[in-house]
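Lettered A, B, C, D and E in written order, each chain numbered from 1.
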Amino acid sequence: MLSIEFLLNALIAGLLLGGFYAAMSAGLSLSFGLLDVVNIAHPAFIIFGSYLTFYVNEHFGFDPILAGLVFAVPSYFLGVAVYRIYYNCFEKTGAESLRGLVFFFGLFFLIEVILIITFGVDYRLVRAFYIGKSTSIGSVGIAYRLFVPFLVGGILAAVLYLFLTKTFFGRAIMGVAQDSLAVQLMGVDPIRIKTVAFGIGIATAVIAGSLLIIIGPVEPTIGREYIGRVFAVTVLGGLGSMTGTLVGGLILGVAESFTSSFFGPSWALAVSFGILLICLAVRPSGLFGR
Amino acid sequence: MSKERKLFLIVAAVLIVGSFLITTQMENRFYYKAAYVVLQYVVLATAWNILGGYTGYVNFGTAAFFAMGAYTAVALIKTWKPPLYVLLVMGGLVSGLLGLGIGYLTLRLKGVFFSIATLALAVVLQMIISNWSYVGGGAGTAILKPRSVPMFSNYDEFLFFVMAALAVVSVAVAWLIEKSWVGRGMAAIRDNEEAAECMGVPILKLKLFATTVSGALMGIAGAPFSYFVVYIEPTSAFHLDYAVNSLAMPMIGGTTTWLGPLVGAVLVGTAQQIATVTLSSEMNLLIVGSLLVGFVVFAPDGLVGLFGKIRARLAGREA
Amino acid sequence: MAENLLDVHGVTKRFGGFSALTRVDLHVKENERFGLIGPNGSGKTTMINCISGALANDEGNIVFAGRDITRIPAYQRTRLGIARSFQIPKPFVSMTVLENLCIPLEYAAHQHSHGVELRGEAMEILELMSMTDKADVRTGGLTQIELRKLELARAMAAKPKLLISDEAMAGLSNTEVDDILEILVRLNEEGLTVIMIEHIMRAVMNFSERIVVLDAGEKIAEGTPDEIVNNKDVERAYLGA
Amino acid sequence: MRSSTTRTWKGPTLAHSIVVDNVSAGYGAVRVLHGVSIEVNDGETVVLLGTNGNGKSTLIKCIMGIIQPDEGEIYLEADGERINLAGRNPEEIVNLGVALVPEGRRLFPRLTVEENLLLGAYREEARRGIDRNLAFSFEAFPVLAERKNQLAGSMSGGEQQMLAVARALMSAPKVLLVDEPSVGLAPILVSRVISKIRELKEEYQLTVLMAEQNFNQAVKIADRGYIIVHGEIAFAGEDTEALAGHELVKKYYLGA
Amino acid sequence: MGRIIKHVILGFALLLAVSIAFTPAAQAAKEVKIGFSMALTGPLGPAGKAALLAMQIWRDDVNAKGGLLGRKVKLVYYDDQTKPANVPGIYAKLLDVDKVDFIVSGYGTNLIVPALPIAMERGMVFMGLFGLDANAKFKYNNYFQIMPAGPDPIVDWSRGFFELAAKQKPRPKTIALLSADAEFARNAVAGARRNAKKFGFKIVYDKRYPFPGTTDFTPILRAVKAANPDLFYVGSYPGGSVGIVKAAHEIKLEPKLFGGGMVGLQYTAIQMNLGKLLNGITDYWFWAPEKTLKFPGIEAFLAKYQKEAPKQKLDPLGYYLPPFAYAYVQLLGNAIEATKSFDQAKIGAYIRNNTHSTVVGDVKFGKNGEWATSRTFQVQLQNIESNKMSEFSKEGKMVVVYPEEFKSGNFIYPYAKGK
């Protein structure tokens, strides 16, 4: 059973899944990792994105990826609005730790309910020409359904990485987390930076949502399954590091895939959460914590 | 001080006796079932608040502690069917130890990481229970409740009485903590950990105390759960609703005093019971979610704080 | 000559590669008024954090009242009799002024012994600080000066043998500085040992019997205020080479 | 002490100067500055002397908009325009051509040296000259060029201070404020940093206001200076010689 | 001091308000009230809503004919949110507050079991809707369950699959088992495990996957492929079923027989999404528009259902659960009519001892209220050419291949040939 081919396939499947996990976590890495905004509702925004994608795919035949990209724009403004509320109600008054956390938890719940009311509780799926097809390189098979999200996820992480390190705005986002006064001294309005960064985070969540529904069917409360995963990836990779998020996603994906393949799938989730718990206890700064 | 304590304990005793007397008078079982759920939330919200409200550490893993209590009971019932009080004690013990363990593992971290860790804990435990076939695993198991119980006309009334007593006890525990040096130390930790430590407060010990007591109470609340539902399986025992409700109720009622979670649990819990049989349950969830967000944003001190403000304003007007 | 209350032997504290304190010795006698000064970044606050237990020193040991306290946690040090005020006030915001004082009274001074009338004692301390009218005010309603006084009051409520006052007077007016000095002197007369960290030279020089000067994490001078004022090393530290 | 009326109005030149007029400020209810007036004329290097806790940093923060003064006014005279700085926030003031090397350096420790520098050039006007300025920074501070991919937080104190100065200059300022550059530096590094500031000032034709407690170092590069004690200007030296009256300085410094 | 007393009074006032809120409105005269909890939200919500519609259609049918023994039928129901913890309270309310005359179960084993002891205590007839061996522990004689699993439900459930397999030449030797980690799927696979032993197949893979919470099935199915089984029996829920079918095609997993206990393949939305990918899969089935399954009344019922379903965004074809939801109340109603009585014991005895004609065919109950004989169909999906809905309402797509009695077409073996 332990053939090289099998091992290789498990590795590839894990990497493909991991790329998608990285895409899911990229936005959280921005909000939680860089801005210290503990957006527990991040997975709910992902599912929200899945449903937007489903809607236009079902009714107008939009390609899911295209839908995700298109919806990223309005959801950016949604993120801006959410951050404004968060900032004015919690961050400004310095009450963010406890109440801010609860705020996002409540938001998570609200988004779920709104999705249930609008779309019902059915599993929803999308159609696209690449879903259900696969190719193989040697003995390694690659499903497009997983490869496309992996690719888009990788591109997303890379674009964010370039944005953060190569643009003025991106560097300001990196800076604002480290020292918001110093950022002001560079002529930057930190609140504006944070608002934009949070907005981008939500926009990426919506894109990740379109990837999720390509991989498999989605129902409104499925976001709960991903709270732990996205935080695991973000913390594992190191807060605020895009490279870390990518690597963290890949590690988680491979860990889950290997556990599924060798020990049985029922332990896959526990293993990844175990990684998170150990990481929190032993090295909270994560692998790539700068 | 001690006079107040005496009075409080008398009131508590009266409430317990009162709830027993109710069972001798009233027949309608629905009220017992509904009241059981509300009272269970009184225990959970009060327990959550000891850690979350008093000490300032947000626990997202209420369901884990609750379910551990429930499953400890299931394992015991499967083994030798002990009387209910043994289940309560053991459920409390296991969840209390769990609280101590998770506290020891993570409380040295920033508060946020503690919260995430509790969330992860719930998932890991659910996985473990799902794979433990002795207690039914992922498929769940039916639990036969005892056919009769002395002094009560049926088991539902008995369960109601037990939960009423537990609610009174847990509120009393919260009250005693709040009014003691322990509670004052917890408040100091919540306000400023560094200053608290420099004022002689043993912060690590108090935090571990809080996680242990809070976890134990949640476990005790979970212990009779399998008798209540008759059929237990991990998805419902570990349901996220327990986490949301036990956090929303104190937030809505007010987190700094024992009264807040009580008021929140009674109001929100009752509203939910009514909504389950009147409104659609989506609306039910929508209401809880909106209330939670609304209170956090607009009335961060909860109903108790809101009343206090109104009373202060009225008093100011009179003067 | 009174015995030493606090002995700091060769304490070193590093942050990463940077050495904030390098083998510093301090000896504070019983009932002494002791000044600790130094330019910004010289390691004064790090020193206090090591003494009070907020930071663990890398090398050296700290002996307080004959007991080695190097490895015991901060709260136990407070209970043994070391209290400090914070440079930036850190009040317990959900409590009133009086309740703020009750925490150290209960935890450090009396260690939960029964039958102690905490309120009365707290009021006494507030009286000392002329803050009795603020007893039932929440800390959010205090001015900056009152917050600083509260810091000091709270430290005193721990009933310490040794009080470390970390820039308690920064930003206060001349009369307020005098008020606080007077309080500290009175406490000292009652037997309290005081370590004062202060930038207001007038205050330190007047108050202290003995002063230690830190610069870049090292002790560069020790002596009476007069000796310090005329010390060339100190002058160089402050005025530059 | 000067009164505000002795100030002379400068005609329309490309000059940049700062005028602080009778400013009182503080934190919450604590008054740190009591009616302080100073001015820094175009091309001058002015030092603000005094030990800690006397208000040097508070004054710098007031000019930079980090603290708003309770009373008094602060003007930037730039290119013949007179701009009131009070009520503006730091980012606006940076955009007017004022840069601060803050106390404690406040670098972005988890960004690389180069990223720190580039972030310094955030403002619109600075981005235009970014390549030239970056090249200049690396030329002026060769150590920064060597370590441009290293994280700022991993450098030594002296290197960090150099980076902080270079970062401030990346915004192509006309007026440079420097707050306590010597803190936490060994004496040899202090003098190196101070002389570098002088060098750069010449190169950029800057107007410099420096708060510093290290008297002997500061007077090396100062044209003139003020001594600030307890939030008030205790002495205004018209030139460095006047400041060098050691006994007086010592009195203010050590409170003897 | 006074404050505490005030709070206590406040508390009691609150309790009073609550009890008033729960007091039922004035009794409507002379209706037969049938009470139940139903999953209208939560994971089972979509199916539960469809079941509710079916029951409402039955109510309208009955009332159009003048009701039961001359009394109109009224359905009283509450949403249990697919949460077992809600069920005991709901049935207590139905019985003690709403004073319903009859109770039937909600949808699914998890939601039936919590209600069963209550029915037992009150001695009421309790019709179950798709419970898998729910009565095993209680052995309540007035419980009747409509899902055609058979007398030994857990084993009978998959018997067809194994009988089919055993008949093939050459006889398959090995089997892989995969189940979602939740009630139904685990029971289904537990039965399959016993059948595998009974029929002498060697189990080469036997694992569970977390449900919900599995994003991708590729690694799991690769492990299955590596074990190279002849048969692959899957117990899964809709989300997982879709993932498994897709992943199986992607990695070209081709056991000789594939399917068994996959929930969801019977749902129109999923069928439309999977389309051709379904071809060749053999899965359990309850009803299909095949010529052998035209039971009396089924077509009229489906016509009504299909007219209403799109409006409520329910499964548009409704072959899976709705006919049985209709049947379990139809059966109760018929028993009431037959006994001309509202007496629970009489009705229970009548149901127990007779064969009943319903829209899902003739029903006879045996041990523990399960069907006396198993009638779970095995359907092989064949000749599916597109993703259109019309594709799935045609005959010859969902071919009944087991049992012989209802067989509507030929079984294609092995799976790869049917693909």
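The definition used in the following text is that a residue touches a chain if its C-beta (ideal position, glycine included) is under 8 Å from a C-beta of that chain, and two chains touch if they have at least 3 such contacts.
What you see is a predicted model, and the numbers here were worked out from it, not measured in a lab.
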item	value
Intersection of contact partners for subunit A and subunit D	none
Common touching chains of subunit D and subunit B	A, C
Chain whose average C-alpha position is farthest from subunit E's own	D
Distance-maximising chain from subunit A - centres being C-alpha averages	C
Identity of the most central chain, Cα criterion	A
Subunit D-subunit E separation of Cα centroids, rounded to whole Å	77
Chain centre separation (subunit B, subunit E; CA means) in Å	35
Centroid distance [mean C-alpha coordinates] between subunit E and subunit C, Å	73
Distance from subunit C to subunit B - Cα centre to Cα centre, in angstrom	43
For subunit B, residues contacting two or more additional chains	123, 127, 130-131, 138, 282
Where subunit C touches two or more other chains, by residue	none
Set of subunit D residues in contact with two or more other chains	none
Chain pairs in mutual contact under the definition given at the outset	A-B, A-D, A-E, B-C, B-E, C-D
Residues on subunit C engaged by subunit B in the complex (per definition of touch)	52-54, 73-76, 78-79, 83-84, 86, 90-95, 99, 102-104, 106-108, 111-112, 154, 157-158
Subunit A residues touching subunit B - in the complex, by the definition given at the top	38, 40, 85, 89, 95, 97-99, 101-103, 105-107, 109-110, 112-114, 116-117, 224, 227-228, 231-232, 235, 266-267, 269-270, 273-274, 276-277, 280-281, 284
For the subunit B and subunit C complex, residues of the former touching the latter	181, 184-185, 187-188, 190-192, 194-204, 256
Touch list for subunit A against partner subunit D, complex	165, 168, 171-172, 174-175, 178-179, 181-189, 240, 290
Sites on subunit C touched by subunit D in the complex	16-18, 39-41, 143-145, 147-148, 167, 170-174, 198-202, 204-205, 216, 228-229, 234-236, 238-241
